[in-house]
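What follows is one structure encoded as structure tokens, with my remarks underneath.
By letter and in written order, the chains are A, B, C and D; residue numbering begins at 1 in each of them.
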Amino acid sequence: MPKTRIGLIGYGGIGRVHAAAYRAIPFHYGLPADSIEIAGVATTRRETAARAAAEIGCDFFTDDYRELLVRDDIDAVDICTPNNSHHELVLAAAAAGKHIYCEKPLAMNALEAASMAQAVAAAGLKAQVTSNFRFFPAVMRARHLIDEGFLGRIFSFRGRYHRSSYIDRDKPMSWRLERAVTGGGALFDLGSHILDLLYYVLGEFDSVHGALDTLIKERPRAKGSAEMAPVDVDDIALLHARLRDGTLGTVEISRMGTGATNDLTFEVFGDRGAIRFNLNEPGWLHVYDARAADSPLGGERGFRKIEAVSRYAGQRAPDWTMTPDFMRAHAECQYQFIKAIWDDRDPSPSFADGLHVQKIMAAAERSSEKGRWVSLSDV
Amino acid sequence: MPKTRIGLIGYGGIGRVHAAAYRAIPFHYGLPADSIEIAGVATTRRETAARAAAEIGCDFFTDDYRELLVRDDIDAVDICTPNNSHHELVLAAAAAGKHIYCEKPLAMNALEAASMAQAVAAAGLKAQVTSNFRFFPAVMRARHLIDEGFLGRIFSFRGRYHRSSYIDRDKPMSWRLERAVTGGGALFDLGSHILDLLYYVLGEFDSVHGALDTLIKERPRAKGSAEMAPVDVDDIALLHARLRDGTLGTVEISRMGTGATNDLTFEVFGDRGAIRFNLNEPGWLHVYDARAADSPLGGERGFRKIEAVSRYAGQRAPDWTMTPDFMRAHAECQYQFIKAIWDDRDPSPSFADGLHVQKIMAAAERSSEKGRWVSLSDV
Amino acid sequence: MPKTRIGLIGYGGIGRVHAAAYRAIPFHYGLPADSIEIAGVATTRRETAARAAAEIGCDFFTDDYRELLVRDDIDAVDICTPNNSHHELVLAAAAAGKHIYCEKPLAMNALEAASMAQAVAAAGLKAQVTSNFRFFPAVMRARHLIDEGFLGRIFSFRGRYHRSSYIDRDKPMSWRLERAVTGGGALFDLGSHILDLLYYVLGEFDSVHGALDTLIKERPRAKGSAEMAPVDVDDIALLHARLRDGTLGTVEISRMGTGATNDLTFEVFGDRGAIRFNLNEPGWLHVYDARAADSPLGGERGFRKIEAVSRYAGQRAPDWTMTPDFMRAHAECQYQFIKAIWDDRDPSPSFADGLHVQKIMAAAERSSEKGRWVSLSDV
Amino acid sequence: MPKTRIGLIGYGGIGRVHAAAYRAIPFHYGLPADSIEIAGVATTRRETAARAAAEIGCDFFTDDYRELLVRDDIDAVDICTPNNSHHELVLAAAAAGKHIYCEKPLAMNALEAASMAQAVAAAGLKAQVTSNFRFFPAVMRARHLIDEGFLGRIFSFRGRYHRSSYIDRDKPMSWRLERAVTGGGALFDLGSHILDLLYYVLGEFDSVHGALDTLIKERPRAKGSAEMAPVDVDDIALLHARLRDGTLGTVEISRMGTGATNDLTFEVFGDRGAIRFNLNEPGWLHVYDARAADSPLGGERGFRKIEAVSRYAGQRAPDWTMTPDFMRAHAECQYQFIKAIWDDRDPSPSFADGLHVQKIMAAAERSSEKGRWVSLSDV
């Protein structure tokens, strides 16, 4: 039986989710409990590392990730730190010969992403980016339907990711609003998700027109502070996009989508059918079949809401979940990474995929500055 | 008691709707039956004109609209003919001193629209464009909420009008696919509606970025024909738009929106609230109140679906209609025109409004050709 | 060309709706304007009758319905008065040889309804009850699907009609809360609608279990009055029902359905499929096809929302209405009545249908008193 | 730091879910990994027990649950076996002095349930029933709103649990269709969930009217077999119910709800507001505030969809989950049990709660036989 030992780097909110998800995998797939082990954890402070280790139930913890990388009892690292550390960590992990699972967005910019993709390829390591939303059953079903030609020729598409986390102008500055830490704003934080989904179901992007705006241009330096700090990242990013195959579509990204909680949707229109996905119903896909004219319904057509949940091939428990949550999709993404190691095959979503998304975002930013379309080959 | 006598020009599908709507107005508002009279009808053929007159219950009919314009017993004309005749008809009606109610889009292009607006202004006539969707209760409520500041500062907006009437590549050519008759494609036919709504609730547009596509570039000349004819209008039009006040938004227009019947929606996001409108629920508005934190619900917020139907001021029957239909909105639009005559005030939506929409469409077309933003002042 | 002249009795809210609906019919079906004429109107007071006649545009009006009945230029009467006058009016109209269109519920009780049905049958007249909700496209489609066996063997059903018009305990007494005027409470006012729909799509009822409650047992005699009057009708009526064919189902009726506007729904479950109707989407039917396992969707099933609007056979304008409103369904119901006269066939819904609904309501009331099931043959 | 060691009895689908849920708790609440330990597992066969132990990662396994009960290193047992074994297992566990967590429905009938409740009370042990649906955030929020009087006086309620697992008449017999194993049909399997939720949010039931039906009365003994076996449990159960406080409501339970996946909903109507819950949106509650007339919305009311997710007090990760899944609610239910042990307080939902639900089901069955209302005090 294969066994993979993981070193976790970073244990904020998302690190905890990853840890919990690794623990759930054996139950989802009927594996021995010890086939996936979190063998150590690194954070930036000794006390948070110790607390993380207790919660995880592992012996080793450190405030220096390098100590993790030198350990022989660690096969892979999982990087859950802020965006501006990914490049350094990935290069170090690759040098240490560890497989790598890295949170999205992959890097601060396309250049960094390219060098990271190159490093892991050169080292012959398995490297996957956390595009966890790909692993909701309805997204997998959408991809499958498009691949098998159910939609026919694709006419156009639309994607959106809205949150409303920053609508309050009194909300103070944070690292998520600083380009130096995050690399970008809503486009990076939210856009990386929806752009990856569109790329996953529809294929490569060719060029984009972007319109980015910073709606609240300065914020209190701290909660209640009268001193203001400038916001140097976008709050909203609107895109028109051309895919390689010529398909035209539109994408809306905003962290000022008042009223939204996690309003991520996409739609694809084809000459034989259409689909609609909504993150709030991740186990269901809305499907329209333009060929339904000769069905027993006598020529009437309409969107059908199909249960997409059986798409976790091999899942054992629970045997039904109409509402696979956030954690389940993370577990699936991580399981695919682990399986890629066990089966010695290329993981997906790969760093090359992460790089493609990074290029889309770079093209959108440049387009917004220039006021014209920008090709991905120019970034 | 005031009384208005109308001459109807054109009696295809939409002419019939206008006629029925005039007849319903007295019941909606408790007016004498004869306060609004359809006194004559003109079509292009004598037999269709005769049949229209019987159905309407009027004595006069003609296949020459000029005969209608010279009659003293006609106060106003209602123009329900294809787009490429509007300019001629409006100018003739204005010269004849008739008030004018004209179907949308107002004209074939911004130049025509400008000359029509100038002609009616010079003649001191009441002239209104059929922007019937403005008169759904939830649209009126949306405008009212924005006007009174309920949404606070506007962050951004989104609009959409999708139909799927042309997804079948075997559907033959028709006048709706010929630029010489319609002036434009989906952008003109559907876009004129959603752009007018956004303009109505949000105010004037400053500039747009347009991406237009003709998805099926040639079609059979006639049903079943092997001979193909080129399609010279757009099937899909994607817009980014800046309003005069700087607000950035996005608009999607398509007649290839597979699965759509009449999928018209808009959303507006502000720092104090948000709204969502959907044409399939024209009596309801989805409203989000960001100030709801201190309500009895204890700090929880969410979209509320409010009944907007009471917005027909003065309506008498029926006392409830959750689903005001297509015809009801037409009746309301026509009633506002009649009232403008009776009260001697400027009608709304005016020809100037129609012209503004025409400019947005022209800017979108030019932008799509040039691959960059185009200002309305440049068209 | 046939022609029918109608005398309208009663011109409150619903009388006005009927009048407007008659006027719309020629436009919906391309008929001569004068094929349906409202030739006179009777109310209880001369001034309301005069105002009604002006609004309708008819010459004759009276405050004595007998004057209407004796006129030769009237072929049919349309009864829009409170429930406790239906019996007298129907008998008088039958004696005068007029065809009869009567608002629902048909009568104060099953006995009255039976004598009315007998009277019109004996006189050989066309008599129809206003079950206008039958004429929403999705209801017609539901009936059609069940008739053609699309659902297979029927397992069970559910119906509901909720309004919230009486939740405020300070709302004063009105005739709708007096048994002597209405014959019953929510069961009669709202129940007559949903029970008729279930009967229409599923067939005859055999027996029912009813649980009725008066939730607010006394109310101010008038607005603001301190004097209280007892409420002697039900506010809520819950039914279990067995159809003749043995099918078991459930029905919920309430005018204290807090939050409801016109929350009328029904669902039917069969071994091959299921349907769901919602009055707020009267042009759409939700349909589930249990045989869909071998579709191109590869074994996935789900509810499909189909457009049911094409069901108005022969309709000419408008060519699309996703939201056929209250008035449109009235027009259709009235048109079927007129057509039954013109074609000399039995109208549907007939007085016998009205009587069946009356028996269901009577059985529900008796069951609630007795605490056990009551058969329709025992009322 | 407290620590609880659990012995798991039964490791079918639901046993696996419980095991996974225990493992997730430390991550949800920031606890040391070893504070909850699954110390052993018992199934009916040695090889399944061994496989379960490997998956769980525990050393002890057995095919004789008594070996589990005698172990000192086990503080509590978790019973995940079929209904007909609960009584024996609970009594044995109580005799062994173990705290008990038992799957629902608690027992085969009210008599068994009463003796089980008595046994654990007499032994002074913590005993909880798996009413996991109580622990969806929106259900907790519903209870909270009702408790604090947000709905005012309760008018009525409705509950429903529909699945469609048995609509195919070729589906063969199984233990879920045998009264001797399950104690009842849809009423027990699905009804126990929805009845518990209604009891949880609204309080004790007084009496019920039940109408139960077995829609497919015999099924193949095995897949494809021509030999038929009788089905002796209900497929559908319709209830009218009176609560102790007099409130009247209705409940629909069916495993022949064609088209349903997990269609569990409830609604509560009060004079100040209303709520709607839907299991497919377990993190959201639909709330209507009848007092909203004086809000900034200017007198309009409507249902608001509020995010209920913050209701997991103390939850640490993830900080948002709009779609808390099946597993999350199990984890919460189990955590409450563990906390009751640690804090030495009465667990909730208790065995007394399980007994109350059992009585409602017994009264419904008896009512259906007798054709009249049955009081819970008579079962």
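Please note the rule applied: contacts are C-beta pairs under 8 Å (C-beta built on N, C-alpha and C of every residue); 3 or more make two chains touch, one makes a residue touch a chain.
Here the structure is a predicted model, which is why all the values come from computation and not from measurement.
Interface comparison, A-B versus A-C: the pair with the greater number of contacting C-beta pairs is A-B.
With each centre defined as the average position of its C-alpha atoms, the distance from chain A to chain B rounds to 41 Å.
Rounded to a whole number, the gap between the C-alpha centres of chain B and chain C is 35 angstrom.
Rounded to a whole number, the gap between the C-alpha centres of chain A and chain C is 54 angstrom.
For chain A, the set of residues that touch two or more other chains comprises 301-303, 307.
Arrangement of the chains shown, judged by which pairs touch: all-to-all, with no pair of chains left without contact. The touching residues of chain B, when paired with chain D in their complex, are 141, 145, 150, 284, 287, 289, 291, 295-297, 300-308. Contacts from chain C toward chain D in the complex involve residues 151, 155-156, 158, 167-169, 209, 211, 213, 215, 235-236, 238, 240, 248-250, 252, 254, 256-259, 269-271, 273-274, 288, 290, 301-303, 371-373. Within the complex, the chain A residues that touch chain D are 13-14, 16-17, 19-20, 23-24, 26-28, 30-34, 51, 54-57, 261-262, 279-282, 307, 316-328.
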